[in-house]
């Protein structure tokens, strides 16, 4: 999120695309409805489903899954055609706009209607609502990202906000609601196969930076790897690691995966889940660390599986980063119950036995505070350095002193700070940055320009002149020494830049001069390092519109996509839609969370929603001769199938099937309840929807495409 | 309380109608599935409120209010009236006209077979328990509620099961003798001869019109009571249906208790020795000839 | 390990008034809630939750000598505050974090039962190992020894990239950092977590 | 004189069931008993509305009128409570209630209904405040602690309001005013009009 949940109270209009905040983030609705009631802000919900959020919306736009990009590009086109765009903002802070506008011009409202099913008049209406009610807060969630063109879709969202000039403004911004409680924190720490903590990437410089932070020899870490080239190679991802076990697709690694540690990760959120299960049973060692037995434990039929009962987060302490980038501290409420151990202890035990504890824990004596300090020391890119454990705790102890509208403390020990010191928080005196890219405030008080991430090499033709990526003259934060764009800070301490200067002198120097350490640049509309430099529509791999595949084909197949061959073009088959007539999309329900191991082990939540179901439109259901409440089979083109209860509702349209993905404990019609450790099976079991979600991965991030697959339905 | 009283006066007709048509209605109602949410088209504020009310408790204005008014103001008073008025009338009858005495020294007629008697007594005991526990529930506040009445409810449920079985048997074994006959009308006109002290033959077969009425009420009515009671026990119908069933259960219960009291008086006081006949199976010939003059011995 | 105990004194209301009690409950003297409302005004969304004891003697704490510990809900990323009432080391009650600046005491159904994460009967109690298709309870030491031995032998035989670590977005930032660091020290980039999907 | 009331703002209720679970978890209510429920009408269609309902603690409570054993009583602050030790589980209150509030856990004998259970406005029961017995039979007594009922306090969107009638009405009036439109408070005509 560039802004915060509380800041959404100031929005003059809100648009949600692929987000069901009322079910996935219910408490955020407090602020969203405030904007609706007090600012009279229209709420626009773009979704294939009439969600609970749509019930609160002023304008519900029913979209075909996977066509978000063309709808947004169409909106951008409409905004430009009608002259609604923020010309000054574009002139001074946006790069590559003319090239983008040229691409967008192809997406007329009529073309949008053809592809997405949204009436042209509605696209025009939405564009007008957004233009007339600025700033707009734009929110997306997994509905926007879990597509083979997810990376293009998200960029389209950002470009829309740039064109409307809604970035860096209170009430505006791109506000992505993260899913799990600490998905922001864990992402910032980059438990990701393509980067080191703080989004440093895997380059040699990054490794050297982190070795300095860890206080270990670079050569020591290099020696831990098989060869140096594996240090810089992106690893397998959560969405496709099992290919490394099964080896049914060509993998680019010297060895198959033999062992797996699954730490606090419910497995049935993986698409193609039946293949994941196959991989589990091929492993030589499988360790599950979780407070509740996940479905992974029940699916294994082989030995060599261990379950380690870790404590819940209430029985340990540590910081957690919310979707608003606020860092909050969890105090330990009780000691770990029932002989469980907390995560830190388990990690310590493991590292001790693996024999690298002295290197690993070199600077970590007091757990977890010393870890926080190590994070503060190393994670400079995103300004994780000002949030010391002491400060985070101070914020927690005084959370009542923060103003609900601005989230700034008024008086008290945290006076002037923003709640949770939303990153970047550059120094221990910095209040945190409540709104990213906001140039109305000095950098030292939470202001920020756009980052100069890509140096000065790239030039754009802008308004007949050639410009680099730096912001135009006159765009700067109050108090800035340079009254315009400037590159990132480096060589304040010779040989380092602001990201790698562990003494943090560079950052402090920049703040002192009223400038952002990462420079003052433009936001890019053209991303030259992505396959689609400007977002364009491509049909989902399994498209329900074979007639559009020719016009909007997907990418070429990609070998070595996170070490595994990934099919795109060879997977896109125009004949598929005839055999699999329904679009399958998945989503959350409010009563359950993630893979559901926790919530399905809660008797009250289990009572509220106790059965797996598939939403099907009554018209579609009646055409198939089904009855409401009847058991049906849903089959995917890959052969995965689930037996679920049909739930007739007009939430979905006649071509769409919706399933919640929280259930587990049943696989392809067979109950696995007996395979859980005795007495620990969840109260309710059900088919995991992800057995049916289709093949398909994003070209950049390899996020699984669970929202736009195909399926067929038959009576069970 | 006053408020409800007024409403009752106004609405005394509605419950009466419901009670009359209720038996049939209950059969129809209880058969349908409970509907939790009634989807009606998009509504304005007010119409969606009405839908919400429906979803929670059905049509409270119509049935809930009627039930509340009846239960709050009528039922306990109705039972009180029955419990006081009927014994009072009988006391008057006993004093003014007195019991009928028949010759127990003379010839006896074998009137009730052993099976009949067994079933009668099974029904009698379970029915008495039902009456007593039913009245305990109705006048629960006088007894303070709690475990005692809760126990009474349990006994009520248990005896109902026994009685329902006995009622079926009673119905089968006595049905032939209990069919209405033309002379029953004559019996009704002279009120069974109970208003006179003379021993004049009375038009009645094996059972007189009064007994027939009691029979039909006890068996068919009893089964309706069992049916309504079953749903009051399980609650497996919609709230509106429950309300109708409860109203029927109470009104019919009142009628049955009234007839039960009549039966008690007749068997224990009005006709001396009548009780003995149900124990031994024999009735004095004289009694049969006078009170059941059309019965062929 | 950090364990700070925080005591929060309830807001003291301004209005107080004694009331006549229903004869049925005359023996209890309860508090007058002058503004016992979790209501938030449409304008400021401020909480007016004030209460004052009628008489000091009437106030007896529901959980004497309990402490209030603050935490954050572990379900979604909104980051709702949690006030945990702890008595003698036992989490006895989940209190309302009415003054948390983001959630203002609000919870969805998952957050409202946060205490269940600790009290659930379904929580695992000992490490388990699958032996001949049956789950067997083992000790922590045995589990960790066996896992470490196997990991080391796989590393020696197949190399470090034969291990994949699926980390978590449900652990603390510190723990997530350790997971990434673990992969680095183990010598592999095969590490990922739910943010990927 | 304080008068406790509930109000559910239909425009804000998002059917998250936070109130339901807050009540169950806080008062340790057995599975199957719903002191508070959320229903949704017109699900999946324009006009979808949700509302959370429990005992409304009516002014002239029909349940009190019909109770054959006088187990239900009303406190001076308007809170309607049931004495579980007096209740016989007959179910009449359920039939009289316009909101479907009374709930009946399964009893010991024949599975017959046990004593009625319903929303206590988090005010416990007739037992001594904070006693173990009170907690076991009725759950928390937050009113005695000077706290708001759990459901309203934990409402995600502050849709559910609880507390002194005047303040609840003020808050709601202010909201309706801000919205520039709106309807009456659901259930108030039935629950509170008579006084």
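As written, the chains take the letters A, B, C and D, and residue 1 is the first residue of each chain.
Note that in this section a contact is a pair of C-beta atoms (placed from the backbone, for glycine too) under 8 Å apart; a residue touches a chain by one contact, two chains touch by 3 or more.
Note that the coordinates shown come from a computational prediction; the quantities given were computed from them, not determined experimentally.
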Required minimum of steps from chain B to chain D, each step between chains that touch: 1
Of A-C and A-D, pair with higher C-beta contact tally: A-C
Chain centre separation (chain A, chain D; CA means) in Å: 39
Rounded Å distance between chain A and chain B, as computed from the means of their C-alpha atoms: 70
Intercentroid distance (Cα basis), chain C paired with chain A, Å: 24
Distance from chain C to chain B - Cα centre to Cα centre, in angstrom: 59
Interface hub residues of chain A, defined as touching at least two other chains: 26-27, 30, 37-38, 590-591, 603-605, 608
Multi-chain contact sites of chain B, meaning residues that touch two or more partners: none
Interface hub residues of chain D, defined as touching at least two other chains: 16-18, 20-21, 24-25, 43, 45-46, 49, 156-158, 175, 178-179
Complete list of chain pairs which touch one another: A-C, A-D, B-D, C-D
In the complex, chain D residues that touch chain B: 10, 39-43, 45-47, 49, 51, 53, 60, 62, 65-71, 85-92, 94-100, 104, 109-110, 112-113, 115, 182-184, 186-187, 190
Contact footprint of chain A on chain D as seen in their complex: 11-12, 14-18, 20-21, 24-25, 31-32, 43-46, 48-50, 156-158, 175, 178-180
Interface residues, chain B side, partner chain D - complex: 3-4, 36-46, 48-49, 51-53, 55-57, 60, 64-65, 67-68, 71-72, 76, 137-141, 143-147, 149-150, 152-154, 157-158, 232-233, 235, 239, 242-243, 246
Touching residues (chain side chain A, partner chain D) in the complex: 22-23, 26-27, 29-30, 33, 37-38, 40, 50, 52-56, 60, 590-591, 603-605, 607-608, 649-652
Residue ranges of chain C touching chain A (in the complex, touch as defined): 1-4, 6, 40, 42-46, 69-82, 84, 86, 89-91, 97, 99-104, 106-111, 113-114, 116-118, 120-133, 135, 140, 143-152, 154, 158-197
